[in-house]
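Before any comments, here is the structure.
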Amino acid sequence: MTTQLPRPDLEADARVKAVFDDIRKTRGTDFINNMWRWLALDPGLLERTWTEVKEVVSTPSSIDPLTKEMIYIAVSVANNCTYCIHSHTAAARAKGMTGEQYGELLAIIGLAGKTNQLATALQVPVDDAFDASKPGQ
Amino acid sequence: MTTQLPRPDLEADARVKAVFDDIRKTRGTDFINNMWRWLALDPGLLERTWTEVKEVVSTPSSIDPLTKEMIYIAVSVANNCTYCIHSHTAAARAKGMTGEQYGELLAIIGLAGKTNQLATALQVPVDDAFDASKPGQ
Amino acid sequence: MTTQLPRPDLEADARVKAVFDDIRKTRGTDFINNMWRWLALDPGLLERTWTEVKEVVSTPSSIDPLTKEMIYIAVSVANNCTYCIHSHTAAARAKGMTGEQYGELLAIIGLAGKTNQLATALQVPVDDAFDASKPGQ
Amino acid sequence: MTTQLPRPDLEADARVKAVFDDIRKTRGTDFINNMWRWLALDPGLLERTWTEVKEVVSTPSSIDPLTKEMIYIAVSVANNCTYCIHSHTAAARAKGMTGEQYGELLAIIGLAGKTNQLATALQVPVDDAFDASKPGQ
Amino acid sequence: MTTQLPRPDLEADARVKAVFDDIRKTRGTDFINNMWRWLALDPGLLERTWTEVKEVVSTPSSIDPLTKEMIYIAVSVANNCTYCIHSHTAAARAKGMTGEQYGELLAIIGLAGKTNQLATALQVPVDDAFDASKPGQ
Amino acid sequence: MTTQLPRPDLEADARVKAVFDDIRKTRGTDFINNMWRWLALDPGLLERTWTEVKEVVSTPSSIDPLTKEMIYIAVSVANNCTYCIHSHTAAARAKGMTGEQYGELLAIIGLAGKTNQLATALQVPVDDAFDASKPGQ
């Protein structure tokens, strides 16, 4: 099911083709996953999204590539994005996530889901020690 | 604001005291943050939650302690738990998160929030390559 | 903080006054909590919402009044509605929720928060036995 | 679709077999639903989750078994967990939920979804009467 | 997959038939989409929901019909309601949403998803200028 | 409460100053709201976010400025972003949203919150007529 099928000739649009070419080059593969094919319905949206993904996820930085993918999985699970859970779990495995790490990632996500609900249900007041606007923090 | 204030004499309950003592010992500090003081309204819930936090977060494992905290922040943001965002951001800093890493963590969480919504809005079909139930995966 | 303050003379509007009078009569108290005072900015919205609350929550039915409030708390926690968590926790207490029941309610909400995330993270397929569209169910 | 298929020989792992045996014994059935088979990828996570479910859901307590399932459904709907909605709706029926009760449960969940959004949109201030940290509450 | 199939003879119930007849008349079509057929399990819930949809969505008002559908899509995406995303995207197209508008709607929803997470992660304090309870606003 | 206070001399950073200057110029006001001051902790994140907001929200397009703000409010409510609800409600008023329109916007958001939960609870199957991947659509 989907709300709109991509046109058959997506790369006939020069802006779409330029993004797809850059995805292929950056990732070193001919595979363009569905997310990009669907975003192509609006070339500006496609360009902005890819530029941001490339800058935030694909560029070496102070957080290592596997950790980035695990964080991405965590957000996607909490936001309940089926597509994103599948694509980033596959990406994390491609970047070396072991079965043991996957199990631990799940354990953290599950535990956070639990304590998030508990703190919210009780409306636990934030300790002064955790509030950057309080003197002395 | 809160839905229930903790009793003044929490540690008069032996089960609560045992958990608090273990928190102090495990973390090497006398500080018991509000989450535990609020959960003490149900000693069984307090015990189970602390046992799980200790096992999942405080025990050395295949995911390093700072990464665990960043994953915890990511889930807490997506689930919108004010208390948990504050407590785990403080914990991540205590475990060495730099300003640069914090900025990048925010960038990943924000980007995931965006692509989560886009994939959901378009109901993008999951690629066969990402689906473990498909032959060849 | 709020996005709009109620007008000082809310009950000068006949439709608002009629709803407030019915709330007072139905609940047997002069106290009109803020939710209704805020909804009064749109009398039609106020009327429709009160009519529905009265029919669904205040009318005796096959689910007892305390259980209704506990279900309302559960949804409000998962949806993270601060106001609703406070108002329905107070309502549940007024309808007899004991401290023991509150602790158990929290335990269920927390556990559900955890298993919800786990099932979503793993994209666990629904068993045929749980799917009403499958033959034999 | 799923992110990982269970190994074919799950019960070759002694820890997994012990949990599965306890599920069968506690529930009085040979049916092990998919949730447990998927969690078996991490025996520690499986053990902790089952222990908690057994203690919170399967043990007689101050909230009756059917009410527990209805609360579980409510959280699962608000958290949008497809698997959990199916499994707990089936469990509630098995514990005696009538068609009338199901309709009323849906009515409460739907109404809460509505008033949750309204209170959040208006940022309605919590009444002092609902705040346990206010004097006199 | 579904949690309950509609009975085959839905319109044998006079209350259900009355609602379905009004849907057909109001919309000028014989097509009754699944949402209404599923809600028919509780005629009161069906009646209340249709009455509200008719009043809020189908009646001419100060927000034009297409904008209403775009707002409905936005909420449904953020709440992750698969059915609602599909039905309201189809409705928006039927009311004239162009491809360009759809792309822009997606861009706004995606951007909001991002800035929502960022403001929440940082717990950015609300400016006095945005708070209606502050003097001078 | 916040997780990090902005440095006092934000505009000493040339990249931050350039963004703030562009915000002032684009909006025709000296007021820089907190969101931007907080994002300044990571100049790259600030630049990317502002560029996107400017392009998606501030540039004339096929969706009028007030409708954009109402869509933004709708997403922010469903995602429960306190800051964003306040800032975009203020922005919608500045762009001409009347009290009547605000009431109707709330009515749509509330109704969508309700029907979203109902469709999710029942797992209503998507009609073929709404699915763009089905033949004939």
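Annotations for the structure displayed:
As written, the chain order gives the labels A, B, C, D, E and F, with residue 1 at the start of each chain.
In this text, a contact is a pair of C-beta atoms (placed from the backbone, for glycine too) under 8 Å apart; a residue touches a chain by one contact, two chains touch by 3 or more.
As the structure is a computational prediction, the values presented were derived from the model and not from experiment.
When you average the Cα atoms of each chain and compare centres, the chain farthest from chain C turns out to be A. Within the list B-D, C-D or A-D, A-F finds its counterpart interface, over half of the contact pairs alike by residue number, in B-D.
For the pairs C-F and A-B, the count of C-beta pairs in contact is higher at A-B. Mean C-alpha position of chain D lies 27 Å from that of chain E. Separating the CA-averaged centres of chain B and chain E is a span of 33 Å. In this assembly, the C-alpha centroid of chain E lies 19 Å from the C-alpha centroid of chain F.
Counting partner chains per residue, chain E shows two or more touched chains at residues 1-4, 41, 44-45, 48-49, 52, 75, 77-82, 85-86, 89-90, 100, 104, 106-107, 109-118, 120-123, 125-126, 131, 133. Contact residues of chain F toward chain B in the complex are 1, 3-4, 41-42, 44-45, 48-49, 75, 79-81, 133.
Of all the residues in chain D, the ones that touch chain B in their complex are 1-5, 44, 48, 52, 55, 126, 131-133.
Of all residues in chain B, only 73, 77-78, 80, 82, 85-86, 106, 109-118, 120-123 touch chain E in the complex they form.
Residues 1-4, 31, 33-35, 38-39, 41, 45, 49, 52-53, 56-57, 61-63, 67-68, 70-72, 74-84, 86-87, 89-90, 98, 100-101, 104-105, 107-109, 111-127, 129-131 of chain E are the ones that touch chain F when the two sit in their complex. Those residues of chain E that touch chain A in the complex are listed here as 80, 82, 85-86, 89-90, 99-100, 102-104, 106-107, 110, 117, 125.
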